[in-house]
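After this come two complexes, each holding subunit A, first together with subunit B and then together with subunit C.
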Partner chain A sequence: MTSLADQGLSLVKEILRCPDYLQPMREDALRNIFEEMRALNEANQKDVRLISAADSERSDGAPDVHVVLYVRHQLLLRLRRCIMAYLDGRLKVIREFRWAFGPVLTKDLKANMTDGEQKWFIDYSASLGRYMSSIGETGVDLLQHSKPPKSLYVEVRVLEDYGDFETEDGQVVVLAKNSTHFLERSQCEKLIRQGVLEHVVT
Partner chain B sequence: MFVQDLKTEFYDVLVNQRVLVLCGADVDALVSCKILQYLFQCDNILYTLVPVTRKQDITEALEKHGETGRYVVLLNCGGTFDILEDCKPENENLVFFIADAHRPFNVYNVYNNSQVRILSPTENENIPGFEDVFRDDMDSDAEEEEEEGRDLDEILERKRQKRAWIENRNRLLFDYTQFNYFGKATSLTMFELCWKMSRDSTVILWYAIIGLSDQLVHRRIESDKYVTECGLLQGHMTRHDQLYDQNSSESNVNSLKLSFDKELNLIFLKHWTLLESMRHTQHFACRFKMWTVRGQKKIYEFLAELGVPLSQCKQIFASMDITFRSSIKEWIFKLADKYSLDEIGAFCFSANLGYKHKFNALDVATAVNTILDQGDFFKALDALSWSRIEILEKGIEASKTKLISIFQQVQTFLETRQIASTGRYLYAVLQESTPNSKLFGKPGALEDLAHFLQAAYVARKSRDSPLFPMVVAAPSVTFPGYSLVIGIPPQAETSSRNLFAQVFNQAAVHCSSAIQKDAYLQENLILVQSEHSRQFFEAIYDLLCSVDGRD
Partner chain C sequence: MHRSLNQSSLEESRIRRSARTVCEFEEYFSCDEILMLSERTPVVVSKEVSRLGFLDPSSDEENLKKNTKLELPLWLAKHLYNMYCVDIQLPEAFSSYSVNVMRADSSIVDLKRLQPNYYQVGRQLMALLPAEAQQISDLLVTTYKGRFRKIFDCAQNADIKETDKVTSSFDNEERAMFFEGQKVQLDLQRWRDRSQRNKINTADLVVNHRKRKREALRETNSSTA
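Up next, the complex of A and B:
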């Protein structure tokens, strides 16, 4: 036997289970919940009409109907909370995408997002961009330094031939496959994300 | 030119410069590289590290990365050939620092004062004097025209002198380069640099220990020298322990702890079963002739006398009964005399990390070497860092598989009597159809096989075979159609002196079309086209005869 509103709970559990991966939107579950909510609501409406009709005839209404009414109402509130939590959880995952992968998402990342969520993503990107360019005179890229670096330089291993790479001090480093370099962290972070370099952790 | 003071003449020069590090393919080079990387990271010295396995790799690396910096550090490569002439760096301002355990050093490297600086210390190596090898008019043959007006006698006299000088030069150079051998481990040199700058730590010391152990595993060091070096390192170990005690009140379990003791010289004992470990340890297997039925019986007899039940011997060592595990060392040492197991005890270092990980330095050197032999330089480099122990453990498993194959191969060779003695040297050829021939087509595995084969052969016919060097050939994996040939010194030879570099060089002259010399940096390795290998072996025989004749 299923308990009341368990589908709402399962949605919340799902979003908690994998906090860094976006699952497909559980539309069927949502639809079921909406159906359930409508049924509850209609039952409540009916009872309210009954009670108000009864009120006009007698002064003391049936107490058991009141209790049922109250429970149904709490159930509705709970379902609403679950759905909100679910949607909010999804947005959090999508926000992480922005910080991890930048403003343009690949197809497979977009695959599990709904239209609304995609629009939200674009809006979020835009407002983040506006905020970052408003700091100071030239703007600051907040994405680049999300954690304080332990050292200025990092050891990186070249995974694929990249060719000449000019560092900020004007020197040219040849990034050829199967070589290891000790470079300034800020300069190679982008290449690490692209998969050209691998950060060697010792 | 030899560098006298490592700090001022080598390290201080590199500070604030971009450095290119070229690292040879052996464990000693790897650990030296680790130590150097640590130093560079401390001082924010930017570097580029490129692994090299042959001369051509050095040339290519210099072409690619030669423009980015002025300084090149070569670890365990580049010392034995003329680096400027053979690799022809385009950038003429490059300065080469060579830290190489291979000997002898090329005389051109030794006497180049501008571009080549050798970091490794010399120990009575009889390098020919400068005047004996170099002379102003050395390669000018066209001097006659200038001297037309002179007296004929004078010219003749000068020519005679020059001829005598050239003869003397050739003789000196021949004596100097006749044998290839190994000097002090590069990792020890690097460690010395480290502790002179007070930058050493337990981890750095462990690297130096692995470098030294690698030399012992590959017989690149005499046992008395090993013991001396161990003594020095042990001193450092005690110093670190005291430092550590002062610095922290409560002992931290997760820090690295080293210990030094006389251990059972059984390979991977801590990671294998006692029986398997005994079977695959070279000296033990050869003592009992484990490849025969009688040998099998004898080992059971030995175990019975030891008092360890067979079921326990077939258990992973770590899960053996604690009473056996703790006293097995003592018991075996007691029986060592009776069974004349004179190589069973060996002084070596072990490292402890937490409660779980305990490694013997000799085992680590062997395992890392196996990973390196698989051709994955960076994986081998990672295996050395303590945060990536799982790679090392994989290496140990791979080494075990390799040892099992080696043992089987030795057994097959002995049963089918395929090890031949020519009266000057022993040789064995691995046919392409042999099941494990793929495994032995790589330098590391082939070298291990050669040593095991030699020991097994000597154990069987010990009359004068200890005096014979050995040559083993196997089809090469990386160069199809070629056989990889390795030459190792006689078993009776205690030092690492190996004359095969020269012998191979000369034999190559006789059948030059079929040879590739520069495929590996180790000079006792050569590639011969498989169909010409017979001719090559004959050439070796002739040469060895003539060497003996000269003596």
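Up next, the complex of A and C:
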């Protein structure tokens, strides 16, 4: 009880320390905090019962516990705020994943996500997709054209083996490591963002 | 001294203060704000409070005695102050000694060690202590004036390798400002370089993730070797 929500603070500090990387969920710390909150709540319930009992007897003998009640209550609120900020911070990182890595995450990215967070990612992906297809008549891909296009085709170098890539006109290109290709800009921009291709500028 | 004796102004100041407590939640989810509100603030207990003895680690008593000196996190100090249980003292960073130092040359002060969220805590204290508000506000402006030029200069010209060294004495807000300035400078450089201007870059998150993966791989390799 003397720790004054220090455990909650340590969670918040973790979020601040690595703003672009998802650490494993700190289940133990969360469980400890929940335990602490339960203890605080029980202590408060006990004191409230004490006060109301004293009130009904109209005696002045009851100790003045209002301040300690208030302090415990504020501790509860504070812990809640810390946990909320922690979870919110994690979701922000996961949201960035969607924009950087695309809708399908690799195993090592998923490793540090909880089941709930994975479900959130899928839901977010779906609602982003719905939103993008609702703009205009044919829909707009917001991940496309992050910079004003200067040319229709760009030269790209493949950084990692990707396999077959089917272009919109039906041609199949084999993206093997270290090969270079001349592709339509709109089709390979996402792969560049994901780090599969590198844009070669001369 | 601002807690005047007559009842009506007491009531008024309570209303004013509770209005301020509400604006505390400018951003409920902001990690920076939570961190700022956890900074230790010296307080003196102004009346005996029963069963709050656990706040004072140096005594085993059940009740909190009058005139006990404590260091509480700012958020708790604020709530107890609103309950008329404690008086908030000025932290070292805002004492008259610091005023003199800041007036002389604030740019050499190590704010990170003194008070990592100097400006924000200062603003909170201004709201809490109307009697000292003017003094704190002058102090904040003096400090900022003396330091801004250095931050600006470092952001524009310091070598990127020296970032840690340069920012080691900055307060959190100054640091954010510094990085903003540095980013703009780098963006400008990239734009000036014609060949880089139209290049589509890999997302930063992906690049950082790759680096981490490579590090992890190297570590496992070296441990097996």
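Brief remarks on what is shown
Assume the second predicted complex is superposed on the first by the 138 of 202 C-alpha atoms of A that agree within 3 Å, B and C clash if a C-alpha of one lies under 4 Å from a C-alpha of the other, contacts with A are read in each partner's own complex, and residues count from 1 in each chain.
The rule is short, and it goes like this: a contact is a pair of C-beta atoms (placed from the backbone, for glycine too) under 8 Å apart; a residue touches a chain by one contact, two chains touch by 3 or more.
A quick note: this is a predicted structure, and the numbers were derived from the prediction, not measured.
Within the superposed three-chain model, A:172 lies in touch with subunit B and out of touch with subunit C [touch as defined at top]. By the touch criterion defined above, A:74 lies against subunit C but remains apart from subunit B after alignment on the C-alpha atoms of chain A. In the superposed model, A:193 makes contact with subunit C only, not with subunit B. With both complexes superposed, C is the one of subunit B and subunit C in contact with more subunit A residues.
Of the two partner chains placed around the shared chain by superposition, neither subunit B nor subunit C is touched by A:17.
In the superposition on chain A, contact of A:180 is made with subunit B only, not with subunit C.
By the touch criterion defined above, A:107 reaches neither subunit B nor subunit C. By the touch criterion defined above, A:202 reaches both subunit B and subunit C.
In the superposed model, A:152 makes contact with subunit B only, not with subunit C. Counting contacts by the rule stated earlier, residues 201-202 of subunit A appear in both its interface with subunit B and its interface with subunit C. Interface residues of subunit C facing subunit A in the complex, by the touch rule stated above, are 28-32, 34-35, 38, 49-52, 54-55, 57, 72-73, 75-76, 79-80, 83, 85, 195-196, 198-210, 212-213. The touching residues of subunit A, counted against subunit C in their complex, run 1-2, 4-5, 9, 12-13, 15-16, 20-21, 63-65, 67-68, 70-71, 74-75, 78, 81-82, 84-85, 88-89, 96-97, 99-101, 108-109, 146-147, 150, 154, 189, 192-195, 198-199, 201-202.
Contact residues of subunit A toward subunit B in the complex are 151-153, 155, 157, 171-174, 176, 178-183, 200-202.
Residues of subunit B that touch subunit A in their complex: 18, 37, 40-41, 44-51, 61, 64-65, 67-68, 377-378, 382, 385, 387.
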